[in-house]
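In the two complexes that follow, subunit A is the common piece, with subunit B as its partner first and subunit C second.
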Partner chain A sequence: MNSIAIIGGGVAGLEAAAKLSKQGYAVTVIERSKCLGGRLTQWHALFPARKPAEPLLLRMISEIEGNVNVIMDAAVTGVEKDDDGFAITISNNRMITASALLLTTGFDIFDAGRKEEYGYGIYDNVITSVELEETFRSGRPLLTVKGNKPARIGFIHCVGSRDEKAGNPHCSKVCCVTAVKQAIEVKEMLPSSEVFLFYMDLRMFGRHFEELYKEAQFRYGIQFIRARLSEAFENPDGSLQIRIEDTLLAKPLKMSLDMMVLMVGIQPQKKPGNLTDMLGLARDTDGFLLQQDQYAAPFATQIPGLFFAGGITGPKTIEETLTEARAVSAEITNFLKHRENYASHEPYLMEL
Partner chain B sequence: MISFGYKIQTDRQIDFDSNNRRIFEFVKAGEPSIDWCMSCGTCASACTAAITTEYSLRRLIILARRGEEEEILNSVHRCRFCGKCINACPRGVNTRNIIYLIQLAVNKIAKHEI
Partner chain C sequence: MKQEGKKKLWQEYQKEIATNNFFYVRSCVRQNFFPAAEQTFLRIMRESLGKTVRENPGHTTCTGIGYHCDVVPFNTTMTVIARQFALMTEAGLENLAVSCITSFGLYTEIIETWKHFPETEAKTREYLRKATGREFSIPTNLAHASDILYKLRHEVAARAVYPLVNQTTGKPLRVVEHIGCHYSKMFPHKGVGGAEYPYVLAGLVEALGGEIVDYPERRHCCGFGFRQYVVRANRGYSLSCSKKKFDSMEPYKPDLIITNCPGCPYFLDRWQYVISEMQGKTYGENGHGIPVFTYEELAGLVLGYDPWDIGLQTHQVSAEPLMIKMGVRFDPEKKYQGKNGVNMGRPKKPSHLRIDMDEIQQTPVTGYPIQMTI
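Up next, the complex of A and B:
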């Protein structure tokens, strides 16, 4: 019987595992950490409708329970390929064999400390969007380090995104709408606070995102200032002083903030020893994995039988990642059923 | 005053903490649709006054949000209330009423009423 191994038990990996196991294949999910769900476990509520993340996570896990072989807390140490498929070595010298291999190892979050001028890790009241979401998830109140309710909160967009010097020329795509969502949640938690978003462009690309933006303006009085922060300073009382160019007025502006939230971007996994480099997979110009063809073969690597999906090929919403997982499942089924003459995409590529 | 051949430049920064945003608060109370504005500038592109003067409703709304009263005072009287901006606005902001309320707020400031 054909077996499939999936490396990465996050949103893409779990959804593909559920779909492929329902097709009757023996599926093994190899997860590096001690829990399933990947980035979904870090969310309190999902944009745009602010649906709670936990029920979705539990539903996804229940979909695979009993049907999929799950190996957690396991690092992949080697992958070998022969005519029959793949031999995957994991920690403790265990080995998994599979006819097809799916990589859903996701992405990294930009390390905010690298933008030293924003003071993350140096100033008291600078946090990241990931930490703010964790605060929402924990149910704790949002407080300054001194234990006060912040009266004025600023969200800084594009931290480690659209920033060539930070190594990330691309747009991380999901942070704009995340900032709008989180700003609304801050206003619900602290109705008398003033909330400002400092953006270069507001990329409200998804369905109902624009409506969420308008709701943030009209119902919550959240203010949007088109600006990119160059540097923040800490006042003696622990509040922050920022100076920005108010680009729509073409004037510099200075203001104080009690708390600053850095909208950290999505970047490719580049840490030494990462699986992508171990497998020798090609990267695109932005560092994410190279797709054989963006339209005709988005999930195929240069190695037959090795597929990828999700954040490994660029920033994506959870909705998009789920869609990719379902699509790659169909592609893997196609591969396993017609392995001998699995359509090469090369003729199409030659025409382009 | 003795001329030393140089002068001290005035600070052109917007001092958000010190500024008074009473004009914006007055307008928002009377015309909440001001919060729908996304600063696209369609109103200003439809505006006849903007062709020959420095008048821009897009800019006025932001100035009101920041509390930059001086620049508002210098240009708000240029509107002739033709209302083309209302037709132009993609989000249905009642732009003409906003200009009217800004002028009203400016008059109230002069009379120390707000």
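Up next, the complex of A and C:
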């Protein structure tokens, strides 16, 4: 029987595993961490409808339970390819063989400490969007380090995104709407607080994103300032002084915040041991995995039987990742059924 | 503020700094601003630490101020600096110790330029050869003099006579550090601690017993910023920069300011007088200012050098309140006595900024000043 190995038990990996196991294939999910769900486990509520993330996660896990072989806390140390398929070596020299291999290893989050002038890791009340979401998830109140309710909270967009100096010229896509969602949640938690979003551009590309943005302004009184943060300092009382340029007024501004949330971007995995480099797969100019053809063969590599989906090719919403997972499952099924003359990886050349 | 966060960052910005056998290049303005600072560096290195430091009186300006004011072309600057390298090479030395921050930044910029554009280096060699017949080697180690004192900070601390400790309270002195822009803002990895949270002076101060005070406008310009001051019409901007810093650091009650740039100590010192004359505002204790030091002066003071030998009488803001806090023995009568023993005369008293020590009842020079009302 044809077997499929999926490296990465996040949103894309779980959804593909569920779909492929329903097709009757023997599926093994190899997950590096000790839990399934990947980035979904870090979310409290999902934009734009602000649906809780946990039921989705539990549903996805229940879909594979009993049907999929799951190996957790396992690092992939090597992958061999022969005519029959793949031999994947994981921790403790265990070996898994598969006719097709799907990479759903996702992306990394930008290390906010690299924007040294913003003071993450140094100033007490600078947090990342990931940490804010974790606070929502935990049910803890949002407090400053001194235990006070923050009266003024600022969200800084594009931290490590659209930033050539940080090595990430691309847009991380999901942070704009995440900031709007989180700002609303902060206002609900602390109705008397003032919430400011300092944005470069607002990219409300998805369905209902624009409505959420309008709601943030009209219903919640959240203030959007088109600005770039130059630097932040800590005041004697632990509050922050930020220096920004209002790019609509073309004027520098200075203001105080009790808490600053850095909307950290999404970046390609580049740490040693990442699978893209281990397998010698080509990266695109933005550092994410190179797609054979963005339109005709978005999920196939140059290696027959090796597929990928999800955040490995760039920033994506959970909705998009789920859609990709379903699409790649169809593609893998197609490959396994027609292996001899499978040719969807042939580049489709657009006549322009 | 999380100190461990800063320490983590400092780990990423370490640089190699030689410990001996230096060719020293002076600043063109420091000898006017703080006349004894460079001599104090040489004295610390040679007398206190036993290091070899050589100079050449034929050394010239690096052209830095002219370069940054767009009046000296880069090719000229490179050739002038190549000549400084030639003087070092002729002295048989490979480690260049630079007194001025702008020179240090410019030397770094030129060495980096040559690394990326070797043809530019070849051209500069040709210019220098044609103009002077000289050849040169690029320094093996390029360090600002404050880098060197940072590197040798524990050797200095081991010889400390008056550590940076308030002798009355036993607590570390609270020190504000100000780093010259050209130290690491252009090349963060060429500065100890990087550009955003430099450690070069913080490390020196900590080793000498003091405590660093971080404050909101720490990164703000001192007020020199060549075009702000050199262009006369912009001088109000220069003053407002300094004022912004003083207003920001005042709540932290710093005992002193330490700097590593020619311009910063000058402007942070002199503008305190100007602000006091304009607004009657003073920033130190009891109508005094916040004393401002170069790193060499402060190290010299800690090492027990006579404050008038290290030039503290040339400061606008009097250093005496700080010296008394540190327990430094000094003779107030000699403050205005020249090296030749002749009295230089006392400067006119400012309207508001207190510079006199008349209220301080000092014991004779043989004992410690114990009675003070500052």
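Keep this in mind: the second predicted complex is superposed on the first by the 344 of 352 C-alpha atoms of A that agree within 3 Å, B and C clash if a C-alpha of one lies under 4 Å from a C-alpha of the other, contacts with A are read in each partner's own complex, and residues count from 1 in each chain.
One rule holds for everything that comes next: a residue touches a chain if its C-beta (ideal position, glycine included) is under 8 Å from a C-beta of that chain, and two chains touch if they have at least 3 such contacts.
Predicted model only: the values in this text are computed from it and were never measured.
Using the contact criterion defined above for the overlaid structures, shared-chain residue A:E116 touches subunit C, although it does not reach subunit B. In the superposed model, A:P236 makes contact with subunit C only, not with subunit B. Once chain A of one complex is fitted onto chain A of the other, the partner contacts of A:S91 are absent, as it touches neither subunit B nor subunit C.
Judged by the touch definition given at the top, the superposed model places A:D124 against subunit C, while subunit B stays out of reach. Of the two partner chains, subunit B is the only one touched by A:Q217; subunit C is not. Using the contact criterion defined above for the overlaid structures, shared-chain residue A:Q294 touches neither subunit B nor subunit C, since it reaches no partner. The partner of subunit A that touches more of its residues, comparing subunit B with subunit C, is B. By the touch criterion defined above, A:S33 lies against neither subunit B nor subunit C after alignment on the C-alpha atoms of chain A. Looking at the complex, you find that subunit C touches subunit A at residues 1-2, 5-6, 8-9, 194-197, 214-219, 251-252. For subunit A in complex with subunit C, the residues that touch the partner chain are 113, 116-117, 121-124, 231, 233-236, 241.
Contacts from subunit B toward subunit A in the complex involve residues 12-17, 32, 35-39, 58-59, 62-63, 65-66, 68, 91. Within the complex formed with subunit B, the residues of subunit A that make contact are 213-214, 217-218, 221, 223-224, 226, 243, 246, 248-249, 251-256.
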